[in-house]
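Here subunit A shows up in two complexes: once beside subunit B, once beside subunit C.
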Partner chain A sequence: MSLNVAVIVKLEPDFSEGNISYNADGTLNRAETKSKLGAHSSVACLAAFYAKVNYGANISVATMGPPMSEIALSEAQSICDADSLHLYTDRIFASADTLATAEVLKKGIQKMKENENENNNGIDIIFSGHRASDGETGQTGPQTAWKLGYPFFGNVIDYHLNLKDRVVTLKRLVVLNGMDNIIEEIESPLPVFIALDPSYKPSFTTLSSRLKATIFEKNAEKKVANFKSYLKMFDHNSLELDPKEVGLSGSPTIVYKVERIPKGKMNRKAEIIDGRDRNQIKNIAEKILILNGQYGRS
Partner chain B sequence: MIENKKLSDLEDGNNSNSYHHMLVIIEVVDGVVLPVNYEMLGEARRLMDFFNKQYNSNEKVIAVVLGQNIKDLCNELINYGADVVVYADDPNLRYMVNQTSTKVISSIAMDKDIISKISPDFVNHYKKPRYMFFAADSIGRHLSATVLAELDSGLASDVNKLEISDLEIKHQHKTKGNALKYGKVLEMYRPDFSGFLWTTILCLDNKNPEIRRDFHPQACSIIPGAFAPLEPDPKRKGQLIEFTPKFDKKDLKIKVLNRSIDKDKIDFDSFKIVISFGKGIKEFPEDNIKLIETLSKLTGAEIGISLPLSKKIFKLDEKINSKYMIPGRVIGTSGRKITPKIYIAIGISGAIQHIEGMKEAEFVIAINTDENAPIINECDIFIKGKMEDVLPVLIEEIKRIISPLEVQAKRK
Partner chain C sequence: MEDFDVIIIGGGSAGLAALKHISALGKQAILIESGKEIGSKNVSGGILYSKNKEYGQVHNVEDIYGQKFLEEEPYERRITKYILNATSKDKVCSIDLTSIHDFQSNFGCSVLLNKLNTWFAKEAQEEAQKQGGGIVTGVHVKNIKWNNENTPIELDGGKQNSSTYDNSLIVETDELEEFRSRAIIAADGVNSEIASLLRAREKFSPDQLYQGVKVVIKLPEEIIEKRFEIGPDEGAAHLFSGDISLNQVGGGFLYTNRDSISIGGVYHLSSLLENPVEPDQLVNSLINNPLVKDLIQDEVPIKNIEKNLSKEEQTKKSFTISKLIRTWNELREIYYSPKNREKTIANGKFKSIEEIKDKINTTRRRLVEEFNTKFVTNYVELEYSAKVVPDGKRCMMNKPYYKNVLFVGDAAGRGIFLGPRIEGLNVGMDDAVRAAKTIIKYIKNNLTDPNIGEIYSQSIHESPYTRDMKKIDKDYLKVLLKAVKKIPLEDLGAKNNFLIRCMSNDFLRNFAVSTINKVGFYKFLSFVESPKIYIDIPILLAEKLGRKINTSTKFDIPELSERISKLKYYEDNNSHIIVTKPQIEFMKKMTVLCPTKCYSIEDQNVVIQHEGCIECGTCSKETSWKHPRGEKGIFFKYG
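For the complex of A and B:
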């Protein structure tokens, strides 16, 4: 029983210290900030790797972005030992909003079915991260799923497959304001689209799966050294996309303006204390312990 | 804003007769309407009251509710500001499964029978809703994306301010570079990840003849806690409309097998003190975290973080990362709203989304080097200084007070 898995990833600003650069006003300096495979995208790759180790999945990783996004694909390959890498790159894709991005990803994933998987049902599971760290909308995944007709499951923290019946059982973390968090267990026939919760971690409990994981990790290293031989590039022509449907033309939304959020009204009047004044700090220590009921009157 | 123009001169969009009303998608979980829904209704009411007055119109706030045995909740939604409640009551809608919910909500949004019951005048031209609100939570974020993909329009996520205006837009693609009027535009403000910038997103029809295309509804997901609900008015009158959903057989194969409360959630509510840290730990992150841990042990505090830290921005030991740099510890609109007796913000500048999470704390102490940081307006005591200098002294002084107490306790 074969299993075909696609992973959608994104090249994002590297938020780690030393690589990220902020403007004086505290906003991201995009020109100075380095890029890498997004943290949430890495989680999606881990989920795909789990499918490779446990279910022998064939993995394709895809991204839409400028040519330099191939870095993200090679990083993804090093995590999940991907069998093919797909880069959707075209000037007219630039500045797309989520709906126009989903249009490209939909066509890309449909192409994977046509080109690579002649003898089977196409892509069984698509994985994506929770959301991009820069855009932070979390909409591209569900919209791609919807356009493809795949049921979408977000915030997934665990999943298992029954390949014989082609059914997935998954757990998702539902976080709602004003309620306890809920863990929901769901069963669905394949194909599905799964967006991983940031807390997802695959676990390889059996000895044989750990051995397999080690072998695939080594394979991945070899592949990545030569990742371009796994890389396929697509533009709007090869994806048979109508230029009107992608990029800015195909985007319902625009960014109208960006402004500083005005400072809120002063809610409290702070007493300002010099951090070098030991006596004052001592008073604060007392204040904390009193309020906390550890000292004196509570 | 366009001044000195008659509003009736303004075009809404390509098909200004085809879009009407504001749909508010309500989430019912285990028989409970989540608080964010009342907040959304309050804001929808405010906007549509303005809209109807401004445009001499009569468009409605329509609450859409899916679930099982939910009919009794509908009147409550009217009390909170809805003009109409459209409800679909079906055992298959007991849980909000994205696949089925998306189809039912989209059907309701396009249903002419419903429109004929609400506003017969609109029915001939009606295509889609004008505006749509969803909650920005684990249900609404995904649902908003899939519903808008189905309705083929756009949305802004995680919005905390909204206005309706008439705008003149000049855009390379939307208007082919010409300045064109757009009426009744929903200006959707979303704070960016830094919390210091507001990006205004618009969802606009393409008026450029080469790429002409309609993009309605204008939709968004709304951050819980961003808007105030109305005082419920039991005398408010409204219309209840039942919608009978149809289901695809294959969608009903998606089954919720089990639901349980997540026990791993950090229980901030049972702590009197919460100590949070932010980007200010940057010079010596690991040492500073150790100091914060010591302070929290001495005072029995739980530890929170600001949003940027959950992106693991520092290269740290994996144990520290997985313990602290996680979304579950984030205080703010993207995380938790807490109300401890004492809140200590260490190296946190105080972006608006953080403030929203801690402003109800009884007593707030900030430790920060920058007197211009917004946190200064949200704290009772502002200790100006480096945490590397302040924390050791604070810890020492606390120990000095506590240890004799402990000795006394032991003697008893």
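For the complex of A and C:
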């Protein structure tokens, strides 16, 4: 019984030190900042990898963005040993909001149905990350699911499949009566759209599945060395998209104005202590002792 | 429950050799390593030997990994110079012991264990996967039990009674579901949890252990070659004894790597407990030796940012300077390495060597002129590490097995410590092959032979390394005496002089050696490994015969806290060590002897803060000591 999995990912700025660059006004300098596969996207890839190791899934990774987004696809392939990489790139896709992005992804994922192997009844599971880290755009996933007519499950922390009955059992975090982190267990027939909670970690709990995972990891390494041969590019023509429904013209969102968040006023004074200076340590220890005395602790 | 034939616990050099060999012989084996990656928990003082022994055959690294080991060179440098330095203040007396190093050896090379074991793992994994086995990292074995504890291995009139015999083991880990195995090779190092769990042996006592502490120092490739007067295919090893040991029994070492230097000390733990000295101070005393200073010093840039600038300006400047310093460092790494130079010029980044040199100079000038950076004579540390080393002659397991669990290498207490001769890696790898061969026989016998342990034990006792741990080799002693003969010994006092003269006589020496071996040479250890031999005589040598070394270099040696802050950890909330006897003297001494100062005293009780622990095992004897859970704890980048 075959299983077809799609992962949608995003190329994001690398916010780590030494890679990020700022403009004079403090905004992000996108041209100078390096880019990489988003952290949430890599969690989605891990979930797909789990399906590969445990259920022999056929994995396609997709992203929409400029041609350089292929970096994200190759990084995704190195995590999940993907079998095909799809890049939706077209000048008219630029400046898309989440809805217009979802339109492209929908068509792309529908295309996967047609393009993949014969005994294929479409994509069974679509994985996405929780949200992007360079914008509050956690709605791309749900919108794509809605457009495709897939049931959507967010904040998923674990899942298992019953391939025979084509049913997924998944656990997700919910808030109930103001209580955080309640785990809800859901059973759903395939296909489904799953957005992973950032805390998701694939649970390979048997030695043989761990061994199998190492073999797939090695495969992935080999594939990535030659990732372009797995890469397929699509523009609005090949996706049969109406130019009016994508990019800026397909985006109902209107950004009226962007306000910079004003810097908060500092109301405490910090003192920097050099740990190598014994006197400074002595001083701070004395201060702590005095404070403790004030609050009546011994 | 999943079922496997052979499980190897521990992914060090020995465990990996076992995996490689079993797989090469066509059987499935799975290696389990608790570290996040292979090599991340391994530390070595130094040298991996390939031996050509007189009394029997050993399995060398190139026998296990083939010609590929010699071609791909995952080691650092082949050691071609082996020198013992006796020190006293600014005086050093150097004795060439290259003949000792060459004794019965094909080659000996300096290694950094992360790199070496990663290479071994790549080879072993490939072979193992062909047989359906492999390596699984990040899994910590916490318990082993026999499927049916009530069915002990019983011999029925010397023959096994296979109908009642159930040898299968159940392995419990922190991370995975239980699984079954029919045999285990325990290669989990000197602090073997498996050995403690099964009570296969006592935990090693301080008398049986040495504590090794090391720092890896950065130095460009060709600068090393010039300093140590060696060629590109050569390496130097220096040993130290005398006042650098701060009155401890043991000594210092310095090995040249490809583009770094390993420097540190190995000291008898009993000696340290008697008169505790902070381990990092022992390293520092070596670094402060004038000979060492001359060997490891380098040009080091020091950031200097004006304090009167605004915070934002300071950060900006700091970023720019860091970037320039990084460029300067990278360029030097290219310039001083023939391989890197060739590669960089071939890919068109630079046209010629001169151009690289120019770029280094302009970067340096920019740093000095535009950014007020100072270049001083200092040295650069890359990594601080420590481990305890078993002294095989005192602690090797006489029967290195428990039922169908075979112990190899450090886990079985097998290391060679004979004066200037220290070997561990090659011994562990030889053990591993012997264990692998035993296992193969076992599998052919349908995994039921209850004699598996005894067969392995016999093989171990046939190993020339075992002989080295039990007996003094008269030929080795002859070579050693010949090497020191060149020194004019008149000044060392009549008593010492007489002794050495007697030992130089073939007849007297052979007689003495055979007598000592007959009586058991461990009985003479308190004489041989005494403060007199390790400290007094070297100091006397240095003072009487040493050359004076003048150096004005002053090093800015990092504090322990700086060394620890440079290390990489994957923190575990739970402590893997539990203090069980908070008031005993041993634990109080740990507040000094722990290389990363994890112990302190609160209300007369010794308490631990495990976060900085580098898992050396110094405190293992009197604590409840386990390895951290899978992926957790220290991650050595060099090792």
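Keep this in mind: the second predicted complex is superposed on the first by the 249 of 298 C-alpha atoms of A that agree within 3 Å, B and C clash if a C-alpha of one lies under 4 Å from a C-alpha of the other, contacts with A are read in each partner's own complex, and residues count from 1 in each chain.
As a convention for this text, a residue touches a chain if its C-beta (ideal position, glycine included) is under 8 Å from a C-beta of that chain, and two chains touch if they have at least 3 such contacts.
What you see is a predicted model; the values in this text were computed from it and never measured.
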item: Contacts of A:276 with subunit B and subunit C, given as first, second, both or neither; value: both
item: Subunit B versus subunit C as contact partner of A:258, first or second or both or neither; value: first
item: Which of subunit B and subunit C A:229 touches, first, second, both or neither; value: neither
item: First, second, both or neither for A:142, with subunit B first and subunit C second; value: first
item: Comparing the two partners subunit B and subunit C, which touches a greater set of residues in subunit A; value: B
item: First, second, both or neither for A:185, with subunit B first and subunit C second; value: first
item: Partner chain in contact with A:154 - subunit B first, subunit C second, else both or neither; value: first
item: Contacts of A:237 with subunit B and subunit C, given as first, second, both or neither; value: neither
item: Touching partner for A:211 - first (subunit B), second (subunit C), both, neither; value: second
item: Intersection of subunit A interface sets (partners subunit B, subunit C); value: 275-276
item: Interface residues, subunit A side, partner subunit C - complex; value: 204-208, 210-211, 214-215, 218, 275-276
item: Touch list for subunit C against partner subunit A, complex; value: 2, 4, 30, 32, 125, 129, 132-136, 139, 175-177, 179, 559, 561-562
item: Interface residues, subunit A side, partner subunit B - complex; value: 15-18, 20, 22, 25-28, 39, 97-99, 102, 133-134, 136-143, 145-147, 151-155, 169, 172-189, 195, 198-199, 244, 248-261, 263-268, 270-276, 278, 280-282, 284-289, 291-295
item: Residues of subunit B touching subunit A in the complex; value: 27, 29, 32, 34-36, 95, 97-99, 102, 137-139, 141-142, 144-146, 148-150, 152-158, 167, 169, 171-174, 187, 191-204, 206, 210-211, 213, 215, 224-225, 250-251, 253-262, 265, 272-273, 282, 285, 299-300, 308, 310-315, 326-328, 337, 341-342, 344, 349, 351-352, 355, 359, 362-367, 371, 374, 376-386, 389-390, 393-394, 397-398, 400-402, 405
